[in-house]
């Protein structure tokens, strides 16, 4: 029973922020904010962000920041969409092609990462430029899906896909050998290598899994209707959009699996965005508020222990002086 | 380990070589551009006296020119349409285009212009100039800008003869007309989804036109103004959920995401949409009356820039009026499904709004009596009906 | 027992030892040469591809104008990267600096020099902000500067939208005395010499390298870590300010896309120049400058090649990967982050 | 042809860049043998054990296991062949459970189509822990909650989980208290009875004499000799390790503990949570004040507090001669204090830096001229002077510190402060893990500094060194000074033991 209680406490810790946001905006819009329509739309908008952020978290858990997420998603969406239309294979073909391209791109990145021993951040910058250029050679006009192929973005399917991906993430990180090895390497790579884990293989697998998440992200992106190619570094906003949500999730859900805290983080950010729109602040204010929340949250996370440390120090000093 | 590293480097280098070859090959002779669907579409419109072959023959006799085309990007819907039209021109005229993307930053624009001048280009069109420095950077290379640069800068650049002038559509009027269309369709509570202000002047002017219309009509209320870098579909979804009482949306750029969002958010029938520009999935919105205003055929702007420059290069004949240095083209409004189908057929099909023969007649070098007045007049009556009548002749 | 007498000083072992020492020094020298090789490769390849146009008379002036901003920022950034720091606010703070200068000039109640000075203070403040977040709020530099970048971009967009719809222009001809090749060369040389002097011959550079090598050792050897980290960010802020001034007068106007993309370009320059991302003793200003030159010549040359817009960035990305892949120091092996 | 041997190594060579760790090493380990391996740091003993355990690959030479050629890919592969190792540094990963640590790299055996069965894993972990004699530690505990010693026991469990033929123990006992040591000794006895082999690496020569039946001496990567049970003696081993006669007494010959009476460093009732409370002490000019005690007695933390690294919660640390209070390392260095930390590679020198840069760090402020200019020739003068004074073996000042041997690294750590004419030295285990030759040089240097009237605080975990070198000794136990005595009282180790255990 005790274990259950602890689990509930951790879960509540994660849900504080969305509930707080709902309360704040409910007051600000005197009740107009609390309607299922807004919550459903925010949830639907957070599907793509959640899946992309879960992919990024797989890499971040091992200390690797990957900028090429947005670019590989656009590449998968454009080429996958066009191939599916060309072969007339409908939605199943779309899923198949998106997966092939997404996983392929990330496997290349994993291979280069292991071969060149270059930090993931630097390599992903170079690959972003390459992955943005590839779809423009084959399909410069981007990809526009006919209505019947965009079923996945509609409400029943997109939530199913999100839940499936979250459950998959949960199983991978908690119950598989690979997930466990990834956590061990992320914790302390030097000791993990000493303990006999094959770091290169595990990192390559983590890239491939990230590729799966990015390709499902690409699938949701193209199912929204149409995807245009981008110019230099144009894919950054696609990935950075739910970046704050990911860090929100990472820090809010310290002791609960990321499969729960990341979706909640991304959903909270979408709630914030629609809340601010209703209250009438334009999108510039939203970026400022999002950036400030990220900074406040990061400093809170970095100094959680500070208050009770100071209290304990003062307590210790008082006792020491008494005994002197 | 060493073996593996060499393997990867070799692979990367040959891929780089393939890129460069494909690139140089493509830039060299613009004629048989591999990427385009290639088969030369026969001009299905009947030419009265001169056949297509004669047109191509006369055009090929003109001297060859290298022309640099600069746009914010060739990937959004207007960019793609424009590039297709220019590739058509490259097929028929004895010119080679060099496409440069400036992602709308002044530094990139100036750098691109300087580099174009250094690679001795014969002329520059497009450029989306925001400051006088860009024109100064062009030195004495003739240049036709898109969209207009405002009176202050035109006055400042009075001395520069290489600046032939600007060509634009009256974006402000289009925004205003979109507001009017929504107003006439009964919309009173509207939202606007637009691109972050400051990136592209022509898109900003559309927003200003619409906002002024709403301001002038106090029985019309603006619920929300969402600025983003292209996430318009999300903006529509947020409007739909946040403002149930909303009955009209204006989106500064037409894109398929927005049209599909109207369907997925179940707004068809309850909310009217007005956009500027062309999106392929707008057709059913026209059918069910959701789309009350949209314009098309923006590629014609860049084509007009080309024709103005081409006239100057061939025989120095100025097509743009000396003082204002500005041509404001009429915008092609789409009111009905028939208009839409005509546009799809004649504007964004394989033949751009002006086919080779019509363009030939708009060049003084080939057609002596053609004057700047005729040029301005053609730009003014650029409508669907004019296009249909030209194509049906 | 089984250990027969093998001595280290036996003639054959001394031979092997000398050979190993020579191989180690050779490897070190090659590692330092690869960024230069990358630079030469780019220059030669592009000169051939552009048929000699790359170094034609007027293109040289273009290369100087186009690379001026990146070289100045790279010189400033080498102080920050030397102590293992990072700063993504560079682009947005440069835009804000230009905005402040333009508003002051247009209000023409302020002398030009004062306007320029206040303009330089804006990036200094934002970089020191990143330093304070890292030092006192204990926020990791990478994510902290991304968060601050978001805030600054929001502020820049808002300020620009409220004033004259996103575009503020100043007259082009009045400021030719600033935006000309002679002044730029002078300022470039001055900044490089000042940077080199501060980096190699004063405490600021030396202590930044030691902090980059091992922050605990620096602190316990009496180095005031916070002071020298902040000094590094101040110098970066000053360089970004100077770059912002010249970029403003070159463009004769500011918009909310001014300076955008400089932060990712800067990281490309640092990586391409073979400048160690974690800092430490191998950091040298010449590598940062080399990286900036390689990136700018690459962009300029590819434009000159009249390549199709679709593949220009693809080639740039590929060349970036090849050069970084070869020149990056592989000592951390499997444990690279 | 080597069937009767468990492990046979022939002409094994291994080098890291220019430094050659092992040169033509031949070793035979037979069944039932408890082989000790001794040698100074950098002699190659850890390198050889990591080759046998599959952590690293030999450059050349062959190894045989029970007669067949043996070349392990990694630690798990070696464990499958029956050779497991307990590494010297921290080998247990804090963020995961005890069971995951024990079966790290081998979890595949407990999963069906990739899905882990945690119940089965935890049960197997509990069995192994009970088998080696630590039933109180359970498989599902989080490793981070265990103290340092229990984490080492988890590592022992990992090594024993495949009941290996050869167990390699690399300097583990030094960090263990009573509970851990008894577990290790029982295991060794059991391996001997089951006719298996143990490879035991340690600095503690007495412990080796009790436990091992053969001892091999390694020096500079070359095997010097292998001693049988009867040939073993501490003096012989020390002589073989150093390679030359140790003449005369190690420590100080004189017996008088006199020192100047001017107080150079004064601490008044300082305390740092949770390490110590109300510590007051004074150090006089020309005095060596020794701090003795176990590693967790708080003496190391007092040294850090005196230098201003950790902020003191009560009281103050002052330099009476300069009238300054020490609140930060910067203030300490500016007022002539020096601190040589215990963790040399992470806290006292920058491994990726050059010798010159390491030596100059505290000196730069003094060398600064107008506009912060530091003259390169002055720098070279200081560096050459220090390299000469301490006899650091290196090519030139530009050589990287990571290429130096352990002793030379410690000399660099010392010379950093000598170039800065400090008058108060705080040395935390200055001679730990360096070869005896350099140790002797360090002791002579301390004597010379004492004569020059410097104040020295010597923090050491080796009682002989403490008693041999200090004028006055403070013994620490659980954050309190348990005893103070002078050199003249000539107390022996056994007199002071009960004050520190």
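Read from first to last, the chains carry the letters A, B, C and D; within each, the first residue is number 1.
Here is the rule we use: contacts are C-beta pairs under 8 Å (C-beta built on N, C-alpha and C of every residue); 3 or more make two chains touch, one makes a residue touch a chain.
Remember, predicted model here, so these are calculated numbers, not experimental data.
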{"item": "Pair of chains joined by more contacts [C-beta pairs], A-C or C-D", "value": "A-C"}
{"item": "Furthest chain, CA centroid comparison against subunit C", "value": "D"}
{"item": "For subunit C paired with subunit D, centre-to-centre distance based on mean C-alpha positions, whole Å", "value": "41"}
{"item": "Averaged-CA centre spacing for the pair subunit C and subunit A, given as whole angstrom", "value": "29"}
{"item": "Centre-to-centre distance between subunit D and subunit A (centres being mean Cα positions), rounded to whole Å", "value": "43"}
{"item": "Centroid distance [mean C-alpha coordinates] between subunit D and subunit B, Å", "value": "72"}
{"item": "Multi-partner residues of subunit D (each touching 2 or more other chains)", "value": "none"}
{"item": "Per-residue overlap in subunit A, given as positions that touch at least 2 other chains", "value": "112, 115-116, 136-137, 140, 231-232, 282, 284"}
{"item": "Of all residues in subunit B, the ones touching two or more other chains", "value": "5, 8, 22, 74, 101, 103, 196, 227"}
{"item": "Those chain pairs that satisfy the touch definition", "value": "A-B, A-C, A-D, B-C, C-D"}
{"item": "Partner subunit A, residues of subunit C touching it in the complex", "value": "133, 137-140, 142-144, 146-155, 157-158, 161, 261, 264, 267-268, 271, 277, 309-318, 320-321, 324-325, 328, 330, 332-337"}
{"item": "Residue numbers on subunit D that touch subunit C, as the complex places them", "value": "15, 17-18, 20, 23-24, 26-28, 216, 220-226, 307, 309, 329-330, 332-334, 339, 341, 346-354, 357, 360-362, 364-365, 368, 371-374, 376, 395, 403, 416"}
{"item": "For the subunit A and subunit C complex, residues of the former touching the latter", "value": "63-65, 112, 115-123, 125-134, 136-137, 140, 189-190, 193, 199-200, 231-233, 236, 240, 243-244, 247, 282, 284-292, 294-295, 298-299, 302-303"}
{"item": "Residue ranges of subunit B touching subunit A (in the complex, touch as defined)", "value": "4-5, 7-8, 22, 35, 73-77, 80, 83, 101, 103, 196, 224-231, 233-234, 237-244, 255-257, 259-261, 263-265, 279-281"}
{"item": "Partner subunit D, residues of subunit C touching it in the complex", "value": "1-4, 6-8, 13, 16-17, 20-21, 23-24, 197-198, 201-204, 206-207, 209-210, 213-214, 216-224, 280-282"}
